[in-house]
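Lettered A, B, C, D, E and F in written order, each chain numbered from 1.
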Amino acid sequence: MRVFVINPNTSEAFTAQIHQELEAIKRPETELTVVNPEHGPVSIESVRDETLAGPHLLELVQRANDEGYDVILLACFADPGLDAAKEVSRIPVIGIEEASLHLAAMLGHKFSITAGFRTRVPVREWHARLRGVDAAYASTLVMNMSVLDMHDKPDEAKARILELGRRAVEEEGTEVIVLGCAGLAGYAADIERELGVVVIDPTAVAFKIAEAIAELGLRHSKVGRFAFPPDKEIK
Amino acid sequence: MRVFVINPNTSEAFTAQIHQELEAIKRPETELTVVNPEHGPVSIESVRDETLAGPHLLELVQRANDEGYDVILLACFADPGLDAAKEVSRIPVIGIEEASLHLAAMLGHKFSITAGFRTRVPVREWHARLRGVDAAYASTLVMNMSVLDMHDKPDEAKARILELGRRAVEEEGTEVIVLGCAGLAGYAADIERELGVVVIDPTAVAFKIAEAIAELGLRHSKVGRFAFPPDKEIK
Amino acid sequence: MRVFVINPNTSEAFTAQIHQELEAIKRPETELTVVNPEHGPVSIESVRDETLAGPHLLELVQRANDEGYDVILLACFADPGLDAAKEVSRIPVIGIEEASLHLAAMLGHKFSITAGFRTRVPVREWHARLRGVDAAYASTLVMNMSVLDMHDKPDEAKARILELGRRAVEEEGTEVIVLGCAGLAGYAADIERELGVVVIDPTAVAFKIAEAIAELGLRHSKVGRFAFPPDKEIK
Amino acid sequence: MRVFVINPNTSEAFTAQIHQELEAIKRPETELTVVNPEHGPVSIESVRDETLAGPHLLELVQRANDEGYDVILLACFADPGLDAAKEVSRIPVIGIEEASLHLAAMLGHKFSITAGFRTRVPVREWHARLRGVDAAYASTLVMNMSVLDMHDKPDEAKARILELGRRAVEEEGTEVIVLGCAGLAGYAADIERELGVVVIDPTAVAFKIAEAIAELGLRHSKVGRFAFPPDKEIK
Amino acid sequence: MRVFVINPNTSEAFTAQIHQELEAIKRPETELTVVNPEHGPVSIESVRDETLAGPHLLELVQRANDEGYDVILLACFADPGLDAAKEVSRIPVIGIEEASLHLAAMLGHKFSITAGFRTRVPVREWHARLRGVDAAYASTLVMNMSVLDMHDKPDEAKARILELGRRAVEEEGTEVIVLGCAGLAGYAADIERELGVVVIDPTAVAFKIAEAIAELGLRHSKVGRFAFPPDKEIK
Amino acid sequence: MRVFVINPNTSEAFTAQIHQELEAIKRPETELTVVNPEHGPVSIESVRDETLAGPHLLELVQRANDEGYDVILLACFADPGLDAAKEVSRIPVIGIEEASLHLAAMLGHKFSITAGFRTRVPVREWHARLRGVDAAYASTLVMNMSVLDMHDKPDEAKARILELGRRAVEEEGTEVIVLGCAGLAGYAADIERELGVVVIDPTAVAFKIAEAIAELGLRHSKVGRFAFPPDKEIK
C-alpha cells in the first residue's frame, strides 16, 4: 500500500517531523511519501493561510493521483482544502481533523480540542458543526502559546494542557482531548495518565484510518458533494 | 460612499453584467467599482474553482483596503473566500450568499435556492447550516442546466424555475426563492407574480445591505473569528 | 420613500427619542413618520405587556397600509406583534430584533444581547431560536437595571455593559453586542473602542435595512406563514 | 378541585361543545367552569386573531386567579396567549397544544398534526420547535377544509384524515395523530382502528393532565420566564 | 383502574417505599400493585445494571399484560428497558424519566436534574436529547453522594441540593428541578420555598400521568417504533 | 494483535459467516476469535431481542478482558449493549454501527441505511441522532424482506437495494449506503458500480478500525460516560 501524505505548509522541518512520526507507526509493508508544496505560507494559522495554501495543495493531490497512490492523508488540523481535494481526487483523501473528530466522538461522550489562541475557537466550533459531531464537542482548550513557543517551552506547553484539561474534565465533562496543535503528541501518555482521559494525536489516528480505508478498497463518494468538477478554463 | 465589488471569476462579460445591474440600483451618491481578478477560473462551479480563485480574490480585497473603499461586496453565490477576506480586511466585506440567506429568513418561513446541477445541493445545504439559517432552508431547486444553457435558453430557464418553484411551494412550503445562479434576475417579477412567492436576487439585495452597513459605519468584528491573521512568511 | 415607524408602547417621550435618532440617520429623501398607540402599556417588559399592546399596534399597521407608506418599522426589541403585523400588512414590516439578530450573525461568530433583568433571558434565548440564529447566540448580558435606572444613571449603565461585555468576550467568545435595551445607543462607540467588539443599535440598523428593502421593492412573502388572515367577525 | 377552562374565541356554541366534552370525562369531584370572552374574534385562525383575543383572554385568567380556581385550561390549539397567561397567573395554566404535543412525543416516535389550510403549516412547525419537540414532529396533515366545512361535512372530514393519515404513516413514519382542529374528536376511535396509530384529542388530554397537575399541587415556575410582570401604567 | 408499578431493581425496601409514596397520592378507586424482580442488581446506577435488570423487567411487563392491568409505571429514573417494554406491551407503559422531563419542559423554560455522581451526567444529557427535550435541559446537579449516603445523611443531601440549585438558578437559568435520585422527594416543598423553583418528584408525577392516560384509554402507538417484535426462538 | 468478535445472537451459522468474512480481510498477524453466547435470541430484530441478549453479551465482554484480548468488536448492527460493554471493559469495544456511521459521514455528504422492515426506521433515525451524525443521515432503505428472505432470494434482495438506492440518490442526495442488514455484503461491488455510491459493509469497516485503534493503543475513555460501574450485589 502506498500512502501519500501532504503537509500543506512549506516548512520542510515540519514535513520531516511528520515523516518521522509516521515512519514509526506505519505497517512494514506500507510505502510512505511525505511532501509539502514549494510555495505558500510556512505555517497555517488562519483561513487566509488556508486560502493561500489551497492551489498548491491541489497540485500535490493531482500528483498523488497521477502516480497511482492508494490513499492521501492531508496532514494539517483544520483540514484546509479538504473538500476541493476530494473533488479532484479519484483516490481517497483523509483529513486529520475529520478523522480524529469522528474517532473522538466514538471514544467518549465529549471531546475538547487544543488551540494556540482564542481567535481559533470559532473555527474549532464550526468545524465540529460542519463535521456533524457538534453534540460531542465540549470546548476548545486555548493555550495562549504560538507554535514556536510550544516547541521552545515543552514543559510549559505540557503544564498548560494539564491545567486546561483538568478544568475541562471537571467543568465540561470532557472525556477525550484532541491535540489540535502540532508538536504536542509526545505528551499524550503523560496527560492520559494524569487526567484519565483519552488523548488523540490526529496525525497518527488519521494515518491508521487511511491505511484501513485503503486496505478495504473504500473511497469517498463521487456521486454528489465530491463529484469531479466540470472542466474549466483557468486564466 | 465608495463600494468595491469583486466578481471572483475571470469572466469580464460577467463583471460587466454585474456592473450594469448595480449601476441601475445604486444611489446617486454611491461610487461603484466592479472588478475581477486577471487570473483564475472563468466561472466558479465547484470548491476546486473556489480554491483556485481564492488567492487572487484576496489581492483584490487588499487593494480595496489600500485604496480606502468603504465596503466590499463579494459577488459570487457560495461566497468563496469570504472568511479569509474578512480576516484580511479592515473594511466590511459582505458576501451575496450570506446577505441573501439572512434576508430570506426574514421575509418568509422557508426559502429555496436554485442550483444548476444536483451535485451542488450539498453545498447549498451545508452553507445554510454554516450561516445558521438551516431552520428556514427548504430545498434546492435543481435546474439541470449549465450557466451557458441558462443564458442561451432564457425561456427554458424561466419555465424550469416556475415548475420547480410551484412544486416547492406546494410540497415544501417554500415562501421565498433565492436565485443562486447568475443571469436569472430578470425573471424575478414574473416568478413573483405567478407563484406568489418573494424572489431574491442576491447581488442586488447584498449591494443594498452593503450600502446600509457602510452608511452606519458598521463592520465585521475583528476580535475573534475574523481577527487579522498573524504575519507570516509566504514562500 | 415613506417609512412608518411604530413605537408600540404609549410613551411619547420614547417616541420622540426614536424620531430624533432616526431623523439624524435617514437619507434626505426619506419621509419619516414615528407614532405610538394612544392606549396600552407605557413600556413593554413582559409578554403580558406585548399582549396588551398587540391590538393597538395592529391598528397602526393598518393605518400605514391605508396611507400608502412603503415600509413599516416595528421599533421595540422582542418584536411584539411582528407575525400578526406581517399577516395583516401588504407593505413590508421589519422588526428591529429580527433585523439586528440576522445582521449580528453576519458580522461575527457569536453575539450577546443586553437585557434589564434575569427574567428576560429566556425570551432572548428562544427568540434567537425562533429567528433561526441560535448557533450564533452566545449569551444575554443581564444589567440588573430598570429602563428608568439606565436613563438616570448613564455612567453606571455604561460601566455595567463594559464589565459584562468584557467577560462575554473572554468566556463566551462574544464578537458582537446587540443593545436589547432602549437608551443605550449613545455608548456604542465607547464600547466598541474599549472591547474591540462590534455594537449594534437595533433601531438604526433595522431602519437602514427597511430603507434597503423598500428601495428594492421587496416585501415579506404572503403565500404561507404571513398570508392575509381570513375575514372574521370580531365581537 | 376546580378547573377553569377558557375558550379564547367568542363563539358560545364552541364553548358549549367543549363543556359537553369535558363534562363527560371529568372526575365526579371535579368542578368545571367553561367560559369565553365577550369580545374578540369568533374563531382563531391566524396570529392576527390570537393578537386580538389576547387581552380579553388575560382578563379571564385574572378572574380565575381571583376566584380561587386550582388550574386553568387554555382550550385553543396554537395556545394563543399562553406565555402571557403564565406570567400573570399564580395558579397553573395548561395549553392544550403544549400538553398534547408533549404527550404525543411520549406515545410514539413521530406525530403529525391536522390543520385546516396550508398557510397554518408554518405555525405548526415552529410551535413544535418552540415547545422543543421538533425531533418528534413528522408533518402537518392539511385538510383543505374550513372549520365550518368540517362541521357540515363530517364524512368528508373523516375520509380526508384517513387518507392523509395513511400516507403520513407510510411516507413519514407518523405513529401518532394530534387533532389540531376542533370538532374532529368524534372520529378518533375509527381512525385508530383503521390506521393503527394513536389519535390524540388535545382538549381531553390536556384536561386530564391539568387535573393531574392540580392534584399534585404543581404549578409553572415563577422564577424566570413566567415571573410576574412588573407593575405598569396602562393607558 | 389497575396500575402495575415496576421497581426494576431487586431492593424490596425500595419497592415498599414506592408503594407507600404512591398509596398516599393514588385516587381511591385506583388499584395499586408495586413489584420488583426476584433477580438482578439491588440498585441501578449504570448502563451495566440496566442491562442486567432488563430481561427480568420484561417478564414483569408480560405479567401485567397477562393479568389485565390498565397501565404500567416503570419506576426507575433513566427508564431502563422502556423501549423494550413498550414493544412487548399491549397496555401503556410510562417511564418516570420521560414523563417528568416532558412535564418539566412545560412548567419552566429550563430544568436541571439531580445525579449522584459526575459519571452519570452524560446519561442525563443524552437522555434529554433522546426524549427530544434537550432545548429545555439546563444542567445536571451532581451531588457527589451515593444513594446510601443520601439516605443516611438527609440534612447534607438537602443542603447540597439547595446549594447546587441556587447556583443553577443564577448561572444557568434553571426554573425547574427534577429529582433524578431516589429518596429526595421529601425535600421538595422546602426547596421550592427557598429557591422559588418548581421541584418535580418523577414517581409521583408519572403516576398521575399514568392514571390520566389509562382513564382516557390512550396507549403508546404499536404501528412503528413500539410494534410487537416478531416471534423468535430464544435459546 | 488479538481481536475478540462477539456475535450477540445465538446463531452459530451467522457466527461462522462473520468468521469467514473477517478471516479473509484480517492482517496475517491478527489473531481472530469469533464467538456467540450460548443463550439468548437467535437473531436480533427488536429492542426486546437486544434486551434479552444483553446480559449474555456482557459475560463475553468480561471473558475477552480476562483473557487479555486487545480489542472487542461487537458485530450486530444497532450495537446492542454497546454502552454497557464499554462500561465493564478495560479494553476498547467497537460497535459496527457506530464505526460505520462515523465513517459514512466522512465518505459522503449523506448516507442511507438498509433495514428489513418499516418498524426499524425509528431505531435507525434515533441511533443516527444518538451517535451525533444525524446531519449526514438521509434515510432508511426499507427492503420489506426478512433476514431469511434476503438469504433465500439473493437476486430479489439485490434488485431491491438497487431500486431503493437509486431513488435515494435522486431524491434524498444519498452518497453512501450502509448495509444495515446481514448477508448483503456480497452485493457491495455491484451496487457501487451501478449507482456510483459508496457501499459500506459495517462488519468489515469496523473490524479494520478496531485493528487500527488497537495498534495505536487507543481505548474508550473511562473517566465519564464509560466509567467502570460501582460494585453491586446481583441477586
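Quick note on the criterion: a contact is a pair of C-beta atoms (placed from the backbone, for glycine too) under 8 Å apart; a residue touches a chain by one contact, two chains touch by 3 or more.
Everything numeric in this text was worked out from a predicted model, so none of it was measured.
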item	value
Labels of chains that are neighbours to chain C and to chain E	A, D
B-C compared against A-C, more contacting pairs	B-C
Interface composition of copies chain D and chain E: same or different, split at half	same
Length of the line joining the C-alpha centres of chain B and chain E, rounded to whole Å	52
Centre distance in Å when chain B and chain D are each reduced to the mean of their C-alpha atoms	43
Length of the line joining the C-alpha centres of chain E and chain F, rounded to whole Å	30
Residues of chain E engaged with two or more neighbouring chains	109-110, 118, 121-122, 126, 129, 135, 173, 175, 224-225
Every chain pair meeting the contact rule	A-B, A-C, A-E, A-F, B-C, B-D, B-F, C-D, C-E, D-E, D-F, E-F
Interfacial residue positions of chain B with respect to chain C in the complex	25, 27, 92, 94, 98-99, 102-103, 105-110, 131-136, 169, 173, 175-176, 195-198, 200, 204-205, 208-209, 211-213, 215-216, 218-226
Complex contacts: residues of chain A adjacent to chain C	118, 121-122, 125-126, 129
In the complex, chain C residues that touch chain D	10, 38-43, 45-52, 54-55, 58, 81, 83-84, 87-88, 118-119, 121-123, 126, 129-130, 146, 224-225, 227, 229-230, 232-235
Chain D - residues contacting chain F, complex	109-110, 135, 170, 173, 175
